[in-house]
Amino acid sequence: MSRTKDCTPRELQAFVLSKELRDGEMGAAGASAAIPMAAMMLARLTHAPDLQIAGEMFVNPRPRKLYDSMLDDRALGACEAAETFLELFGHSHRGLDFFFHNGMQVDAHGNINLHHIGGTIDAPKMRGPGAANISYAHTSRRFYICTNVHSPRTLVERVDFITSPGYLDGPESCRAAGITGGPRLCVTPLAVMDFDPETLRMRLQSVHPWSSVQEVRDKTGFDLPAADTVPETPLPDSETLALLRQRVDPEGLLRRA
Amino acid sequence: MSRTKDCTPRELQAFVLSKELRDGEMGAAGASAAIPMAAMMLARLTHAPDLQIAGEMFVNPRPRKLYDSMLDDRALGACEAAETFLELFGHSHRGLDFFFHNGMQVDAHGNINLHHIGGTIDAPKMRGPGAANISYAHTSRRFYICTNVHSPRTLVERVDFITSPGYLDGPESCRAAGITGGPRLCVTPLAVMDFDPETLRMRLQSVHPWSSVQEVRDKTGFDLPAADTVPETPLPDSETLALLRQRVDPEGLLRRA
Amino acid sequence: MSAPGRQCKLVEPQDLGRLVTEFLPEGGLLALGGLFKQNRPMALVREVLKSGRRLLRLVSSPGSGFDVDVMIAAGAVAETYLAAVTLEDRMCPAFRGAAERDEIKAHCVDALSVVGGFLAAANGVPFQPVDAWKGSDVIRHNPLVTEMTCPFTGRPLHATRAIHPDLAILHAQEGDIYGNIRHLSTMTYADQMIARAAKRVIVSVDRIVDTDDIVARSRETSIACNYVDAVVHLPHGAHPTGSFPLYSIDEDHIAAYATIAEAARKGGDAERAALADWLDRHVFAPETLSDYLDMIGGGSRLAELEREAEAL
Amino acid sequence: MSAPGRQCKLVEPQDLGRLVTEFLPEGGLLALGGLFKQNRPMALVREVLKSGRRLLRLVSSPGSGFDVDVMIAAGAVAETYLAAVTLEDRMCPAFRGAAERDEIKAHCVDALSVVGGFLAAANGVPFQPVDAWKGSDVIRHNPLVTEMTCPFTGRPLHATRAIHPDLAILHAQEGDIYGNIRHLSTMTYADQMIARAAKRVIVSVDRIVDTDDIVARSRETSIACNYVDAVVHLPHGAHPTGSFPLYSIDEDHIAAYATIAEAARKGGDAERAALADWLDRHVFAPETLSDYLDMIGGGSRLAELEREAEAL
């Protein structure tokens, strides 16, 4: 199987995330979910045909193409069942196998901030959009952080406000708070990070072909441990990329800048 | 308008109850509800065209004939909306304008027993069917008791178990329990009883043409106060009876013994 | 019909015994869908009885009758959490007799305690607040309920505990092989809530439909596949209760049972033997659904019930 | 079409100002249906703004955006209880600016506190227990939430208080003159729950349908007439948000507003005047819905949005 070099960063993010999803699992993404939706649809087409996309008010949607939004009839296409916030309330308590989050700020322990940067929540320097569902972060078995940018302003040592919890301040604070789930990976346009099981801090797992360990570290607002040799993030083979482009994202949303 | 003497007891019960329902009100009945359903349908056809039949999981049913049951598709016919026990849960808290109850035992204060006669609830001499909705009795503005028999075994001084509360043991106990609604009338095959506003005990309001004050008193298990002259329960005029028979109860369920 | 690799939840009727035994322990909590004489999962009730599970604890939407009476008559029940237990025009003989003879513990519950319990479980919380119980003795004897104080107002109110049935059995008109369920009946009662509350869910359906048909009318899916563990194609699986708009209630069958069961309640060995015989002929002897349907009158009786439903 | 004597709840668009003023006090709590860019009651939002009611407190299904941003830009809002406020591909400029300048109190809430509040109100109880908040700062700052102890287990958990909006405004595709509402869209979000929670409910619909049609498909009635105070026929009443399957989202209109509002947030008098002009032309100047629809591009633009929805 030949590798295809012209894969875009967003396509690679979708591919990396798709490989994480296991057959028979159930999960979903919230708003701004083009990449997660692509990951779920691609997983279904490759190794996880029984993947259940549910938990955000639609059950097993069949979108014909990708949209930036995810929670409207347009972006979902047809589905097997329509739920409401009533059922979402219950799912939020039971949790999903996996969920996806993005963030205005993401910190070294995978905590997510969508509320404010600078000041306080009552007198914010910059007020963010907030978030609808903050529960899936800890009720789900695991979640994935998927960001649109990789910059020192986005990836910070400690968020100003924890909208959705990652690993808080590490193992002790998670135990104190009763947190059992947490982020598995943080997938950015430049790299893939996972979490050190001892410290629960982010570490570099792989670097995308168009970037370097140096660039990733320069653009990360905290110290990012890595092995001596950091592997390159594997690109999708041509068949997989063709599936992504022809079946999941025929209009090329993930190929746009 | 001529009076029609061949009205049956159950038809008269339906007619008496229909006159109680006011235009624009919302109410319902639970199980075993042929007479209440007839009363509601007749009220709609006569003086209360805007009567809303809702609160028991169907909204404004259009039955083509009467059934003894009330909570199945057969007995309801088509309706404007289908609800579930989820919505019933909320209605039960908000209450309705009116509701209908029957009882295995009904006592002088209008308390209703459907659970046991003799013994205790844990060791009953006779175990009754129980009841689904016990909340409408006190959350609704008022309710009506409609019995299939009038006997000293049914109409007792004090029920062995309060399934649905009437006026408990009178004004003081109602105040203590926070009860504000309560039974308006008790309509039996022999008579119509209302409640003395001072004592909240049943008293004789009118006697059906085929009975007498003496018979009613003989068949009531508690002392039944009455005015010196007890009026006869007015029968429906022939037009109203024709509506009941042709439009509401074309198969004559209320004419059977 | 099945997409490659997707898990098919359609099971064969002969697998039901194994599934029931797997999902429902001895003494387990079993939930029944439908209400009174509509959408009761009667074929599945017979499977539970044939599985031999005993000492069951029963919960249901707040109106039950024939189904639980048959289960009690068959000796499979230890406790009931049932609000109203009635055949509507008459009482349930086995329920009444067993409660009076103290053979079952017939807990005193009402609609809100049961519905609140399903709702709490569906919501994933340990209890549901209730503020509509005044003056009734039901609350004084209700094991599901406790008093509490409103955390905002300090006002006294009640809480009913979450009910998580080990197994829920439901009947609906249509479903696909992945477990998406569609009620065609107007009334669906507590079926969706029970499916969301239960640990395991088996649904019998009168018809299997294509998933494309489910997708074409997705707002009509009443129970989504993610709540369902197994779906089984059992046409007329609600008999003698009704499955509208497909077939109506077999009142004669229910009345015949009630007469035999009432005689057994009041009578002696002969009457009890007659009830045992009824149970054997209707529950234990028929090997397949088709055998059962022959026993209750076969195609001509079923056609009558279908015509009655159509005429409504 | 109206049955003799039955109350017709269909109101004329020109009566909406009076109704809004009657149902919604100054400083009142207003609930908005739909989510993000779908089924938002935009024509009713404009009526609320034209009514002159100010100091409003806003609550919504947990995803809001364009609608609340326009209301904040128009200076009608004092407080928000909104979980996510976003145009999805960009932030809401007026919301952000007003929160940063402390012109509105933007309470920190999440989906479960808002949904739990609607659910509690719909259920008729003073609070909803919640057991899914760990580690988030949202709970530390959430005025809807308090800590409590489970009355059964003694375990600590949370409660969110019942939300009873003074007025809910909703948009759906179809309704009858008695207020029976039918969503044709797949997603209905929290609309039914909000209708059950609110003291008063006004619903705009793209189409009025006959009650016989409602009765023929009663399981599809999404909000029953008993929850609705007024229904108003406002075709394209959700524009620029979508009303699927009838018409899609007018992303260009939303983007044009966002650019002007973002410039006003960052800029000076000229930019703020441009935003005021936008509001005047789109909200205050159009006397009728038809005037508004002409302003945003008229029949040809609407036809495009309809075609886009059809093509999905």
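In this document, chain identifiers A, B, C and D correspond to the written order of the chains, with residue numbering beginning at 1 in each.
In the analysis below, a residue touches a chain if its C-beta (ideal position, glycine included) is under 8 Å from a C-beta of that chain, and two chains touch if they have at least 3 such contacts.
The structure presented is a predicted model; accordingly, all values stated were derived computationally and were not measured.
Any chain bridging chain A and chain C, meaning touching each of them, is among D; the list is complete. Annotation: A-D is the more contact-rich of the chain pairs B-D and A-D, by number of C-beta pairs in contact. For the pair chain A and chain B, the distance between mean C-alpha positions equals 60 Å. One finds 39 Å separating the Cα centroids of chain C and chain D.
Annotation: 29 Å between the Cα-based centres of chain A and chain D. Under the contact definition stated at the top, the residues of chain B that touch 2 or more other chains are 78-79, 82, 86, 89, 92-93. Among the residues of chain D, those touching two or more other chains are numbered 119, 123-125, 130-132, 186, 188, 218-219. A list of each chain pair in contact follows: A-C, A-D, B-C, B-D, C-D. Taken in their complex, chain D has these residues touching chain B: 3-7, 122-125, 176, 178, 180, 196, 211, 214-216, 218-219, 221, 223-226. By the touch criterion given at the top, residues 35-38, 61-63, 82-86, 88-89, 91-92, 95-96, 99-100, 102, 106, 108-112, 115-116, 118-119, 130-138, 141, 185-193, 242, 244-245, 248-249, 309, 312 of chain D touch chain A in their complex. Across the interface of their complex, chain D is touched by residues 23-24, 26, 49-50, 52, 54, 59-60, 62, 78-83, 87, 89-94 of chain B.
Chain C makes touch with chain D in their complex at residues 119-120, 123-132, 146-148, 150-153, 155, 157, 159, 161, 183, 186, 188, 218-220.
Looking at the complex, you find that chain A touches chain D at residues 31-32, 57-58, 64, 68-69, 71-74, 76-79, 82, 84-86, 88-89, 92-93, 114-115, 121-135, 137-139, 161-165, 168, 174, 177-179.
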